[in-house]
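Both of the next two complexes hold chain A, though its partner changes from chain B to chain C.
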Partner chain A sequence: MGILDKNLSLRNRNKMLVGVWEDEDSLVAATSELVHNGVKIHDVYTPYPVHGLDRIIGVRRSKLARVAFFCAMTGFTLVTTMIWYMYVHDWPMNIGNKPVRFTPSWAPVMFEGTVLCTAFGMAFFFFWRNRLVHGIKNELLDDRQTDDRSIITVELTDNTDQNSILETMKKHNPVELREFHNGVQTTI
Partner chain B sequence: MIHDSIIRDRLVTGDKTAADVTRDIARPILNKPSTSWKIGFSLSIVFLGIFVASLFYTLWTGIGVWNINKSVMWGWDITNFVFWVGIGHAGTLISAVLLLFRQKWRMSINRSAEAMTIFAVVCAAMFPVFHMGRVWVGYWALPLPNGFGSLWVNFNSPLLWDVFAISTYFSVSLLFWYIGLIPDIATIRDKVKGKTEKAIYGFFSMGWTGSTRTWARYELVSLILAGLSTPLVLSVHTIVSTDFATSVIPGWHTTIFPPYFVAGAIFSGFGMVATLLVVARKVMNYENYITIGHLDAMTKIIMVTGSIVGIAYLTEFFIAWYSGVEYEQYAFTNRAFGPYWWAYWSMMSCNLIAPQVFWFRWARTTPWFIFIMSIVVNVGMWFERFVIIVTSLHRDYLPSSWVMYAGSLTEIGLFLGTFGIFFTCFFLFAKFLPVINMAEVKSILRNRE
Partner chain C sequence: MGHGHHIEIKQEQYTFSPKTKRFTIILMVLGLVLAGIGIANLNNDSHSTATEHKTEANANVHDSHGKDASAHGDHAAAASHDEPAEHGNVPNEQFGPRAEYHSLNKPATTRIFANLLVAGYFFLMISLAALFWYAIQYVANAGWSAAIKRVPEAVMTFIPVPLIVILVVLFLDKNNIYHWAHYEHLHLKPEDAGYDKILDGKSGFLNSTLLFAFPAILVTIWYLLSRKLRSLSIQEDSASKGDVSFFKKSIRYSATFAVIFGFTISIIVWLLIMSVDSHWYSTIFGIYNFITHWVSAITIMAIIILYLKKEGYFGIVTAEHMHDLGKFMFAFTVFWAYVWLSQYLLIWYAQIPEEMYYYQIRWEEYHYNFIINFALCFCVPFLGLLMRSAKRNPVVMTVIGIILILGHYHDVWFMVFPGVFGPGMQIGLLEIGTFLFFSGVFLFWVFTALTKRGLIAVNHPYLEESVYHDTGV
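After this line comes the complex of A and B, so read on.
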């Protein structure tokens, strides 16, 4: 599995059903029922984080915490090595004839370096995994999906029962239902 | 099961919908600047001009134009540095610590507090950088290979720790702020009409779509960043305090400095947040988002941290007496009753006594009074740093080097000028970016538990 989450792009989607909601409760209810009926939901787009929705549509728990730990260890090693190289190996500094070796006075720089590497390393992986790149083309399904509208997308294949999905969606009062075909949306 | 809370007041009043939140908060960005914005911004530019002029005079003539060519060699300069770094602490505290404690009231104020952090750290950095005198060799403070051996930097020095702490704090705060801004920049991207504006906001929104997958990871990354920022914010002011505490100057050589500085930083930071937000909520019509409940919560923190700082002042006095070290005893007696008694008692009145008024509910819920008190807190915290630096340095071990110190016009100009930097940045921020975190506020409209 690559780092980039390929599910996030709409570029290679042939046919999808797009349900648009304005009410959070109806959106969550519709999502739950669709999943309960065995429908594989491609994604749900919301203008704000709706807690629990990721679990409902089966998003696996992120491994970002492990990445953060890895970055922290890398940062810690790099900074400690840097201090040791500069302060002990390359040019031992004689201050009041104190021994030149590891001292607790290294701790602040080690700590700051570790935090810096962790934060930026993790952020880099977060951006990569989530296809967040400066200047990338926006793939929006609705002009208001970052404002007040939420969207459920279901990918349609030959085996999908489109009518039953539409019925379930309609039961939960969507604002609009659309079909997405090769980048073009038509209202159903 | 999710249900509406019956025990907590609504965090956002006025029965707002998600669309209302976007409309209200994005209004200053989508519309032309208001008259009050223009007046405020022009005033900030005037102060920025004072900074530029004072800095130009300092660089052109030399650092001798500051009154620090004596034993009070840190003078206003480091006073101002610590003052601004302290202010820079509330942003991360609100974002990180209150996030970890699941304090949802932070959501209306975290964005502006984080912005304030970044601008305050920029102001703070000006002072030690230009205090170096030969600022063009400022890069010597960094561990870079050089032509002196290589004679590297001294990792035992708290001044070097400062370089690492402040630069890390600035970078991580900026990252935290930016990640928090991405969903809101995307909202603005989808609202602005102009092609250029769309392109700029589009560039910074990084193609954000609001996918649930992204939101889940976004929340995790915010949580981990909060976990990192919490010890970071504590470490930064701890390290700033070690600039003093690791010395042997009476009045500075105390182990109480790290917690006392951190509490003071939170205290002054919240003071500045209150100053800005009491005005912003009125001028920008954000009363439904930054409610009296928010002001109430902030003033409680001001009162608690003010009391912690006050106890630290009293503890210092007690320990000076109890230690039996006559230099320490003299340093503290001199603080309270020496030639700078007025600064000491200004500090005590503003930081310890004045915030006790927040025991009264009226004081915590009256915006104009909170605004005045927030200014009092900021004045008090500036005096705290002035007292620590000047009273300890102006009476050396050698009576022959005893001096009196007052900031020169250039030093005063630089200090006033940093308010110009701070407010210019803040006004630009208020014009071009959402002052309140729209995405987070939308998630708490329903007052769910």
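After this line comes the complex of A and C, so read on.
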């Protein structure tokens, strides 16, 4: 697991407040109010995409598009070099008396190579970035967070006021409120 | 939905502002003036009257068909002597009659009619593509587009105008535009000199009756379905809130239209455009033409929406909707290039003489047009719309959109003109004028149609979903 950032793991962080919701609208309302009060939210886990939530918690734009562009350029260069080496430099072939250099027949291979590298590059980058590599232990804060529960996590530091955060969360009808520290959860 | 912030949905009524009206009229007048100068230049160029040309032309082609069948060495003699090796490749059997057909001194008016055909066809297909886009939104149960659905509704009202233009052009000048129509007119029997087996074999489909019947009947059917969809949409406006019966009916009519259109659009393309190169055929030509106009239609709709937003309408249409339209433009730009290359690559590789001449004349005699065509239809929009920020920027979208539309208009011009006139044609004032005039008429018509009803489909069941549409961070 060398490639993984240990700090990303929830176990290696400070004490967390975990609020569990079953209603999407209350979740969004709670999140907005927390953000409005200046609380720094660690993350919100939902089983399905909730519209507008990304903007509320200030998720930055994914860098996947840049990775895609980089992979596409890599694939394009690789494949063009490959065709050139095989078909022009190393072993030119006369097929239907067509020229060998930079003809339209290169285009499908260049396209496919570009797409292939982009697809694999993006998939691997996505898995790596989201820590979905083989052998990882899941870090579900609630067994139902991939089913029908949504979770707000707030990391507690010296400056955070735990009571006021709990107050705000309670206003929006959470199903449960918990504390999470060193891999142990306790209900509040 | 509806968390975070609430957006109020209000009906908006578009009024055709004098400024916009002036702009469309300027386009029309400028188009007419430029086309007029172009026509005047044509008349100065030709030294004899059109009728003389025509009789001369008929005699010529009759003659040429005779020569071709018997002594085809004549053509070889007329062609280049210094490259005898080429004669094995160049298909004189195919090329001969066609080259002779091109070398006819066609009347100057043919260029006017060919231009009208290009413009009529382009705007007909754009209106149809807008209708198809509208139908697809219903068939796919799409929610995001509900806020802008009045724009395709307005664009599709334009369908009958270019149809009439095309039918008039065909009536007046089909023999000079289509080689096969000219040939049909000669009534040759197999034993006659100049008999063309290929054209005779195609005469079951390529004949004057079907040339008029198919466009007239098919476009009328599509237009009637579009009228029905339009009336369902306006009835929905005055229905009670939550009444989805019109929506469900729209889905049914859209599905009907999509199926009919999908199976029959190619017929129009074959008859009107592909048959210009009468000996040639390409199985991908139908989809190629469809994509050309599909991406143009989406672009025109995007530009109209951006313009309306700039005038203060469409408050509920956000950068999210424009982003999705931009994705449409970008995706189908790529798809256009895919189909363009597919058609070119197979013909290039197979090197079958009767297929090859389509590209031979376009590559050798119209080299710059060939490159400009690919640059305007693919390179510019691909690089221009690649970035997310470009799709959300009204200025970039408008500029790239206009380039894209010019490119695709040139694409249609490029399909028709080398086929009708052979080598040596160029875009002149007449072409520019025709395009500007038709754009003016089109915009005038569409903006007038927009005033006929509210800009927002207030009772569309997915309107709220569309208003809160979000493509994410």
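Basically, the second predicted complex is superposed on the first by the 177 of 188 C-alpha atoms of A that agree within 3 Å, B and C clash if a C-alpha of one lies under 4 Å from a C-alpha of the other, contacts with A are read in each partner's own complex, and residues count from 1 in each chain.
One rule holds in what follows: contacts are C-beta pairs under 8 Å (C-beta built on N, C-alpha and C of every residue); 3 or more make two chains touch, one makes a residue touch a chain.
Predicted model, so just to flag it, every value in this text is computed and none were measured.
Because the two structures share chain A, they can be overlaid on it, and in that overlay chain B clashes with chain C. In the superposed model, A:R66 lies in contact with neither chain B nor chain C.
After overlaying the two complexes on the shared chain, residue contacts for A:Q145 are found with chain B alone; chain C is out of touch.
Applying the stated contact rule after C-alpha superposition, one finds that A:A29 touches chain C and leaves chain B untouched. Once the two complexes are overlaid on the shared chain, A:R11 sits clear of chain B and of chain C alike. Of the two partner chains, chain B and chain C are each touched by A:S105. Judged by the touch definition given at the top, the superposed model places A:M82 against chain B, while chain C stays out of reach. Ranking chain B and chain C by residues of chain A touched puts B first. In the superposition on chain A, contact of A:D54 is made with both chain B and chain C.
In the superposition on chain A, the residues of chain A contacted by chain B and by chain C overlap at 24, 49, 51, 54, 59, 62, 65, 103, 105, 108.
Of all residues in chain A, only 5, 7-8, 22, 24, 43-51, 53-54, 57, 59, 62, 64-65, 68, 82-83, 86-87, 90-91, 93, 95, 103, 105-106, 108-109, 111-113, 115-116, 118-120, 122-123, 126-127, 129-140, 143-148 touch chain B in the complex they form.
Against chain A, in their complex, chain C makes its touches with residues 1, 3-4, 341, 344-345, 348-349, 351, 388, 468, 470, 472-473.
By the touch rule above, chain B contacts chain A in their complex via residues 17-19, 22, 143, 149-156, 158, 160-161, 164-165, 168, 171-172, 175-176, 179, 182-183, 186-187, 189-191, 202-221, 224-225, 228, 231-232, 235, 239, 242, 438-440, 442-443, 446. Contacts from chain A toward chain C in the complex involve residues 24-25, 28-29, 32, 49, 51-52, 54-56, 59-62, 65, 96, 98, 103-105, 107-108.
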